[in-house]
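Below is the structure I would like to discuss, written out as structure tokens.
Chain lettering (A, B, C and D) follows the sequence in which the chains are written, and residue indices restart at 1 in each chain.
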Amino acid sequence: MGMVGGGRGAFIGEVHRMASRLDGQIELVAGAFSSDAEKSRLSGQDLFLDPDRVYASYEEMAEREAARPADERLDFVSIVTPNHLHYPAARCLLEHGFHVVCDKPVTHRLKDAVALRDLVRQSGQIFALTHNYTGYPMIREARERVQRGELGELVKVVVEYPQGWLLEDIDQQGQKQAAWRTDPQQAGASSCLGDIGTHCENLVHYVTGQQIAQVCADFTTLVPGRRLEDDAQLLLRYENGMKGLLYASQVSAGEENALRLRVYGTQGSLDWQQENPNELILKWPDRPRQILKPGNPYLGAHAQAGSRIPAGHPEGYIEGFANLYREVARAIRDRQSGTDNAPYDFPTIDDGLAGLRFIATAVHSAQSDGKWTPLIEV
Amino acid sequence: MGMVGGGRGAFIGEVHRMASRLDGQIELVAGAFSSDAEKSRLSGQDLFLDPDRVYASYEEMAEREAARPADERLDFVSIVTPNHLHYPAARCLLEHGFHVVCDKPVTHRLKDAVALRDLVRQSGQIFALTHNYTGYPMIREARERVQRGELGELVKVVVEYPQGWLLEDIDQQGQKQAAWRTDPQQAGASSCLGDIGTHCENLVHYVTGQQIAQVCADFTTLVPGRRLEDDAQLLLRYENGMKGLLYASQVSAGEENALRLRVYGTQGSLDWQQENPNELILKWPDRPRQILKPGNPYLGAHAQAGSRIPAGHPEGYIEGFANLYREVARAIRDRQSGTDNAPYDFPTIDDGLAGLRFIATAVHSAQSDGKWTPLIEV
Amino acid sequence: MGMVGGGRGAFIGEVHRMASRLDGQIELVAGAFSSDAEKSRLSGQDLFLDPDRVYASYEEMAEREAARPADERLDFVSIVTPNHLHYPAARCLLEHGFHVVCDKPVTHRLKDAVALRDLVRQSGQIFALTHNYTGYPMIREARERVQRGELGELVKVVVEYPQGWLLEDIDQQGQKQAAWRTDPQQAGASSCLGDIGTHCENLVHYVTGQQIAQVCADFTTLVPGRRLEDDAQLLLRYENGMKGLLYASQVSAGEENALRLRVYGTQGSLDWQQENPNELILKWPDRPRQILKPGNPYLGAHAQAGSRIPAGHPEGYIEGFANLYREVARAIRDRQSGTDNAPYDFPTIDDGLAGLRFIATAVHSAQSDGKWTPLIEV
Amino acid sequence: MGMVGGGRGAFIGEVHRMASRLDGQIELVAGAFSSDAEKSRLSGQDLFLDPDRVYASYEEMAEREAARPADERLDFVSIVTPNHLHYPAARCLLEHGFHVVCDKPVTHRLKDAVALRDLVRQSGQIFALTHNYTGYPMIREARERVQRGELGELVKVVVEYPQGWLLEDIDQQGQKQAAWRTDPQQAGASSCLGDIGTHCENLVHYVTGQQIAQVCADFTTLVPGRRLEDDAQLLLRYENGMKGLLYASQVSAGEENALRLRVYGTQGSLDWQQENPNELILKWPDRPRQILKPGNPYLGAHAQAGSRIPAGHPEGYIEGFANLYREVARAIRDRQSGTDNAPYDFPTIDDGLAGLRFIATAVHSAQSDGKWTPLIEV
């Protein structure tokens, strides 16, 4: 694989690299790690790469890799830059014939997401979006239980993602991760909702299969001088009548990555928390609660396949992330060998576009003082 | 003490009785336990009461008890009927000179709450409202920590109270507790929000001292044929700028009484859950989380006074409820002895009126498709 | 009821009083609260008792109460003194025809326990021992599940009760509760094991029905100058072949009353913790774990009867204690009305004797450097 | 790196491989994956290895790799076979000049551990033992807190490791992992204690620095026909006077890998559980409990260095394991570059020998009906 972004000082790039390495099926062989050629070179050196395959830009990488013999060429490229570069980089790579893995949100503007969707469709290439929380085994199990109807008809979802890392104005003091995430030019129309709220939206969709119909949003910018919201709370209405409550925050003091999902149906409910991801709690009106844990034979096959080690040995964020990469590798291998073992379980460009529509709708509602706003059509 | 309501088949009446007995300072000596005279008589018999002091109506009780010599007369009366009877009973008892303890919400109509507020003020009698969750020691501690400024400026509150007991249409099949709570004539304009959402609203106010400024509400009636909402989710704006998220539900499958309060400030946050009430978690941006437990010397004096037994021996719902009764008993004793050791820590008629204003505002917002609605003035 | 001990400054006496009051079936009407007549008098006054029924000694109480007309006489007496007074007080009261409730351990010497056992048998009076942890609803459920064979054959039990309150030498600095518990003249041959280790032993017996066959003990006295052990760890062998591991400590820093019981069988296991007593966790080799909570219809009838309020409203230590008193009241009422609705669920003199045999055996083993010691015969 | 063992059907080999891959610093390039040459070949193929470097035996690998030019030669070899092969393989590899990583317990016989210790000392090669639980960041923090004296003098340790996977006689039905672990020829004198009890022993030593002085053991073989114990409970005495309680079980129904460590000192205590490894709880006599989580600035530098991703994103078993490999890689790099940045944080041959002494002592005590037995000298 190759990589765009993720040079020295970056955060999510190394996560992608660890996730791709874990199962010994994917090897990083090339990269354009920074728009600063020297920094890219040094980053490649840190990673023991062949200097010839460390590039100064994604354009250069796309061109020169495409020119290599088929069996020495990159299979796919991971894009791990700030949001505003996702679209141009993805477009360039797709156009040069590479499969693409892209960090979320898929683009920083809705119109780019639409364009990219069209491009992906037209290219026929694989495009995977790393809404990585869907890779947790217990989230796979949650989806399967919902699909089997164990919860009955779905009536409500509560999803939350409080963080506290932007409580101070570190974005205005040069902390790089904070700076671009709160910069409309790089992040898009939303900070908090775009960065973590879309994980919530996607997670609900993954587990329940439901589509948002209407959004009522209230945004807050707590820290003076910050240009985008750092806290968002939303009421949701889904197409099937399910109600939803979503909140995301970057200014919840003392919170780390407390993503939690609760889904309520007419016959039962489920509860999952990212910080202790190896428990899925099922609650029933008339039976004892159940705690499901990974690696156990009572789980569905797909959830079981998401564990690498026996029950009781915790796997975490990197392993969940790696489950997406494993699915991407499987899809690419199948494509290369001319077989098709779909479904492959990774978020797609459609999920990416749904996320951007959600962001745009919520921004509109928040700007209209919380008016219930139908999901923006594209 | 005397009691109105709480006869055979009732629920909350016995809770009040247990709470009042626990500390050996209050004795139930009279009651009008049912509007059915025979049922009232039998209920009094169950309670080993003198038959002469078991009455067929609160009017009769008020009149005849008032006629007794001062030192053989009731000190106060607890009203534990369905909501619509709170106001007439309270009025009658106050007018006959009795102090009153009343279950929540204080009335079933806003205008009655206003009238009652005026009457209480005018009478000078003690009026306590049993928003019992404020009696938990760790909630007292939470308030003290907030008041001391440990959390910094308050920026957000998340309060939730999911239950699942009305998931089936038991209200339409004769379950008495369910029937009156979903009957507008008895419960008022709201079921779910009135019954448990007001606990949320009151708990936030108790702990933070803040007043709601605006409400954006979405109500759901899940069960066909039910006349009032059984699920409510709300966005809140407080007068100090604090944001809020409140949800209450009677149709969350598998939930029991999962009241939870989270308060976020600029310097820290707190987290408390009613089903395991003996832990208060404090979260800090830069220090390890703390778990506070009752009965420990590191707590404030008022929280410590809320425990009856040493640390590590759990106290629960009844003990928290009894803490309110203990405060009422203290207030009445002081009144009788002509002293004043205020503050006394029990919710008052003002809290009751605030609750009714909150309900009315939320109902209005929900009926206006979630329009942000300022708290209704009275 | 009457009470021996529990005057001003005592701890467990007020617990017994709260427990006895809670359900409105028992009234405290007499007491010998202290061996100091004036202190007894003042304590009675605190409790609003008739001064004529507040006595200077249990002998006086026994005699004078026995002389009262049958329908004005005490039904039973609770003994809540330090250990060494249990036997003489119980003997005196039984001999005067009173039923007895007694705090644990039943006596401070094994021989007294044997004598008391004989006396109770001979008298035919009711004798209840307040190993109160057996009153928790989830412990009742645990027992029922074991009896039904859900766990299969029992193979192992792990029971622990760490406290930290004696980490400093408060017993040597005049803290009264600490002083008598570490004084061989008042507490008996053991402090830690006698005070809390017997709860462990009794709880295992209650839940599993098994008898200890052999004990291997290691005692520690951490605090210099203390005369009895403040930490005890034991390996156990039960008559059915079950192995056991028991530890109790008064010097485990930061622990409060962390009693925990785990029972392992060939088909499943259970896990319960006193500090969060409203959860019973069942673990299975091939199925998801279950969390059982009080007040739910899936519980056995006896566990259900142990709750006073609906599921999700926590009940704690006092309520569990009160469940014992409720059973005692039921037994006495039945006795008085000539009926028998056994079984009544409270620990008996046989449990008390078993506890003393356990203590004596453990002390012997500890003094023999951990030699496996058969349970001492009596 | 190279590998001995870990072919198709093995368990721990793949764990070592994932751990070694995670940080991109170590590459598996050679292996003798099975004593069956064909199986070794196929395993190498699964791993995309050069067939020339996939060997039929560790002897062949040692010889042929040693014959390669220095810069194309293996740096170190991981031994992941059943216990009885650790010693001969390690000896052979050390003698050919390779550094060694070896799974635990270090050998299956005490005398081999002694011989290996001598050989390692003499060779000057790096030898790392994968007691992987010491790699968890919160265990590093625990050690640092103890070393800093925060808990005061240590008085007691409680360490437990219950599993349930051997509850049935799968070892007698051909389950390979179970079969060798219960075979004295392959596992050594102990199954349960050797496989998981040594983790407990090592973890206590890592965190507290204390040495066992005496052991009192009780072994159980629950499953008929099994040749080694499947449950062990021990009382321990440490050289500094600290008491200990250790239990390990393979037949605790419903348990997975519930390793837990509690350390009590005169001023505080700590509590850590492997199944939720990202919390370290500190308990204090006079202050609120604290929950420490990885990735936070309030942790020591070494604990912080053990996290790869920000606070709140869980890392687990593989990451902890990888922390050992990272330290091994660092040590080897330093060795190769002629520098020394000790200490390197991985268990050594001395830890391995301590483990074997512990096993032998416990076996002796268990065979002497629990006689307190001093740690066997070597």
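Methods note: a residue touches a chain if its C-beta (ideal position, glycine included) is under 8 Å from a C-beta of that chain, and two chains touch if they have at least 3 such contacts.
Quick caveat, the model's predicted, so the values are computed rather than measured.
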If you tally contacting C-beta pairs, which comes out ahead, A-D or A-C? Let me know.
A-D
Relative to subunit C, which chain's C-alpha centre is the most remote?
A
Taking each chain's centre as the mean of its CA atoms, how far is subunit A from subunit B in angstrom?
43
Subunit A to subunit D: how many Å between their CA centres?
35
Can you give the whole-Å distance between the Cα centres of subunit A and subunit C?
55
Check each residue of subunit A and list the ones that touch at least two other chains.
255, 282, 289, 293
Looking only at which chains touch which, which shape fits best: line, ring, star, complete or other?
complete
Along subunit C, where are the residues that touch subunit A in the complex?
281-282, 286-293, 296-298
In their complex, what parts of subunit A are in touch with subunit D?
11, 14-15, 17-18, 21-24, 28, 47-48, 163, 165, 255-258, 274-278, 293, 295, 308-319
Complex interface listing, subunit A residues touching subunit B
151-152, 155-156, 158, 160, 162, 164, 167, 216, 218, 220, 222, 231, 233, 235, 237, 243, 245, 247, 249, 251-255, 264-269, 282-285, 289, 369-372
